[in-house]
Amino acid sequence: MNSNNNYRDIVQETVTKKYKKRLFVNKLVTIFTVVCVIAAIVPLCSILFEVIKNGISAISFEFLTQPQGSIGSGSGGIAPAIQGTIIVVGLASLIAAPIGILTGIYLSEFAKEGGAFPYLVRFFNDVLTGLPSIVIGIVGYVLIVLALGSFSVLAGSLSLSIIMIPIVVRVTEETLKIVPHSLREAGYSLGLSKAKVTLRIVVPAAKNGILTGIVIAISRIAGETAPLIMTILGTSLFFSGITGPVDALPLRIWRLASQPYESAHAFGWGSALILILMILALSLGLRYFVQKRSPFKGMA
Amino acid sequence: MVRNKKHDKLFTGLVVGTAAYTLLMVGLVAFSVTKGSLDIFMEEGIQFITGSDWNAVEGRESFGAYPYIIGTLLSSAIALAIGLPISLAIAVFISEIAPPRIGTPLSFITELLAAVPSIIYGLWALFVFRFWVRDIIEKPLYDAFHGYLPFFAKTPFGLDIFTAGIVLAIMIIPIISSICREVMRVVPDSQREAAYSLGATRWETVRTAVFPYVKSGLVGASMLGLGRAIGETILVTMIIGNVIGPNAIPTSFFSQGQTLSSLVANEFNEASSDLHLSALIALGAILFILTMGVNIVARLLVKKKIKVSSGAKAQ
Amino acid sequence: MAIEEPIETKETVVEATEKYKVSIENVNGWYGTKRAIKDINLKVKEKTVTSFIGPSGCGKTTLIRCLNRMHEMTPGARAEGRVIVDGIDIYDKSIDPVIIRRRIGMVFQKPNPFPTMSIFENVASGLRLNGVNNKTIIREIVEESLKNAALWDEVKNQLEQPGMSLSGGQQQRLCIARALAMQPEVLLMDEPTSSLDPFGSSKIEELVRVLKDSVTIIIVTHNMQQAGRVSDFTAFMYLGDLIEYGSTNQIFMKPEKELTERYISGKFG
């Protein structure tokens, strides 16, 4: 094995020669990753900072309860938008939650492993999550606005529900899959039908996860603007019926930002702050609710 | 027992029917965009995709989507070019470098970036960020290169394709990096140990044992991010400069531009005729096909990687 | 703790005059607050095969992973003590583990070739990582390593095939070739045959007996018969302590400690 020694020397020589450079590259890469992490955090901090800084000065009682005054005057508020957001998002959730949960139940409890139908359902569910919201707005427009003849809460809520459902489906399926089989078996051994086992045992056990999924989905659609442009139009009036137009926060922010007046911009920031606070309140409310009632407390 | 059977049949029917809704909905989407854009395609045919006019004047209507296709592709390409390396770096930091007590809060923070509504990104970009971009990046680049390189030619004032690309990058970073992290987690430690035992540095280990193992997953993650950038509407419409017609074909990074989605958002409420409306919906149709294609390929790539890896682990 | 010296027997007199390749001095290893190996002192002779045996949890794997500083890569794990290889303490503050691992190679329990690389690239991977890029040298070293790993004849016409296309036993020999390509002075093997069938295992054992002429080998095994077949020296560990260390003959025929005797005769696994 004489050649062995020669090779050993060659390899050792190369290792020693290149070592410093390799160490340097390693260090460089580490620094680069840290820089990138910082590069991602800075915009986040800036956004939060600016929203709070610029928004807080616009907030007042009048801001929260009055419709907008004449353009450029800086008077009035965004109350119709707040009301509109709650109504449109609320209605969308009422539509999306049952459909999403039931589909999630199907995928987790009823679907055959490797079947074609479940595969297609999951696949297209994923595809739906990637659809641009403007396209969904078009769907709402063609299917409902044109059919009903006017921009409406209904069109907006249905469009938002299209965005919301895939999220609820995915979270519901994942949460249900985590529920231990022993629970289901216990139900069956008591003679319960599959429907009862699912609805009375499995779903309640996954309650918190499903709720979290719904809240995540709601937070997502509360901020959506594009679908609303072509479905609810966005007036400056209060809610006047499910088949009539209405305002909403994201839409209002957009309109305000496009106006050339400082006062409008200030209102825009204020609206943004309200929007974020509403979403935050929803998430924190969920946190609190979930913590208090964890069904697996004390279980191994 | 009989009652049980009826319950079950009913319930099963309910859940299966609801699940079928998903398939129905994709069909409805395809149907809607097709129906809405039929008019313009019958009027102009393939010209719609290759033309650059955008004339809504009654009697002399002519619509062409070409500039906006370019705008969409260019702004998304910039977003990916900037966003991908940063996302990858963040994923590597969180999953391979940082100890869990730093990594976990960090991944939470990047998720927060994903939770910010795009209208708020738009607001921030319009009133704050674009000045940073203009002063810190664009002006120096312009001063240095505008004589020689055509793509830094126009005088920058912050509302252009470049800024749109950067903010889009920030927006897609959470998506790409969280999926990258997910696929990287599947790489078994025995692979990393093999590299370390041969005397590799940490970066070399990631490069040799981790990245090749999940290559298609990483590509899939980038494509998902790309799909998001392509479809983004409200942010883009606020900062891209909003031009129409042949002017909208960008000649430099600092050109104003327009994307498929931003034009629809801009003009929809003021569409002057049915044909105009049809043209706008047709833009949406092109967008739909584009994002469908990108997302389908992306999902297949990511699913394949995670499935193969967990199958391999089971050996 | 007294340094354990191999008992002098007829077979070991010649070896006694050769140097110690690896000297393990007062090595302790922790996982978090739990001490997994305590005050290990052991000297390994050059160009021999030494096996670490003992029941599950005795610390033999922890110990071997301390020998190339892989132990500390587990989150929360650390090691103390000195491990002197060719006069250099690898735990010295000034030494970077990256450099050490060129000289101390490792083969793992489950074969772990790089799945995206061909057979050739797998063997060459260590060389390329460390900066060797002379194509001729790489080709020569790859061929020699595959020959030393008793795999060359089986794969010489399919070097471009993916590494994963080989059988389990062949993959393990591939990993051995990969480790040998770095021209290590010491080769650590952590239960290298436990995931292989008997045929694959015996080929590896054959290999070990040949390799020891050029590399010092330390092998962890839970299979006592295997230790008896391949190793010159054996260290018996139990619950983190080194109970007894001596020539394999002595350990198996005339164990000094009662614990050793009970393990050897199968009184506990």
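Letters are used for the chains, namely A, B and C, taken in the order the chains are written, and counting of residues starts over at 1 for each.
Here is the rule we go by: contacts are C-beta pairs under 8 Å (C-beta built on N, C-alpha and C of every residue); 3 or more make two chains touch, one makes a residue touch a chain.
These numbers were taken from a predicted model, which means no experiment stands behind them.
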Label-sorted list of chains bordering both subunit A and subunit B is C
By number of contacting C-beta pairs, the most connected chains are A-B
Whole-Å gap separating subunit A and subunit B, where each centre is the average of the chain's CA atoms:
16
Counting in whole Å, what is the centre-to-centre distance of subunit B and subunit C, each centre being its mean C-alpha position?
50
Gap in Å, rounded to a whole number, between the CA centres of subunit C and subunit A:
52
For subunit B, give me the residues that contact two or more of the other chains.
199, 201, 204
Two or more other chains touching the same residue: where does that happen in subunit C?
98-99, 102, 130, 182
When you check subunit A against every other chain, which residues touch at least two of them?
15, 22-23
List the residues on subunit A that touch subunit B in their complex, please.
15, 22-23, 25-26, 29-30, 32-37, 39-41, 43-44, 46-47, 50-51, 54, 98-99, 102-103, 105-107, 109-111, 117-118, 120-121, 123-128, 130-136, 138-139, 141-143, 162, 165-166, 169, 191-196, 198-199, 219-220, 222-226, 229-230, 233, 250, 253-254, 257-258, 265, 268-269, 272, 275-276, 279
What residues of subunit A sit close enough to touch subunit C in their complex?
1, 3-4, 7-8, 10-12, 14-15, 17-19, 21-23
Note: in the complex, subunit C contacts subunit A through residues 96, 98-99, 102, 127, 130-132, 137, 140-141, 144, 182-183, 213-214
Give every residue of subunit B touching subunit C within the complex, in rising order.
99-100, 188, 190-191, 193-201, 204, 208-209, 212-213, 215, 312
Quick check: in the complex, which residue numbers of subunit C touch subunit B?
68, 70, 73, 75, 98-102, 105-106, 108, 110, 112-117, 125-126, 129-130, 175, 178-179, 182
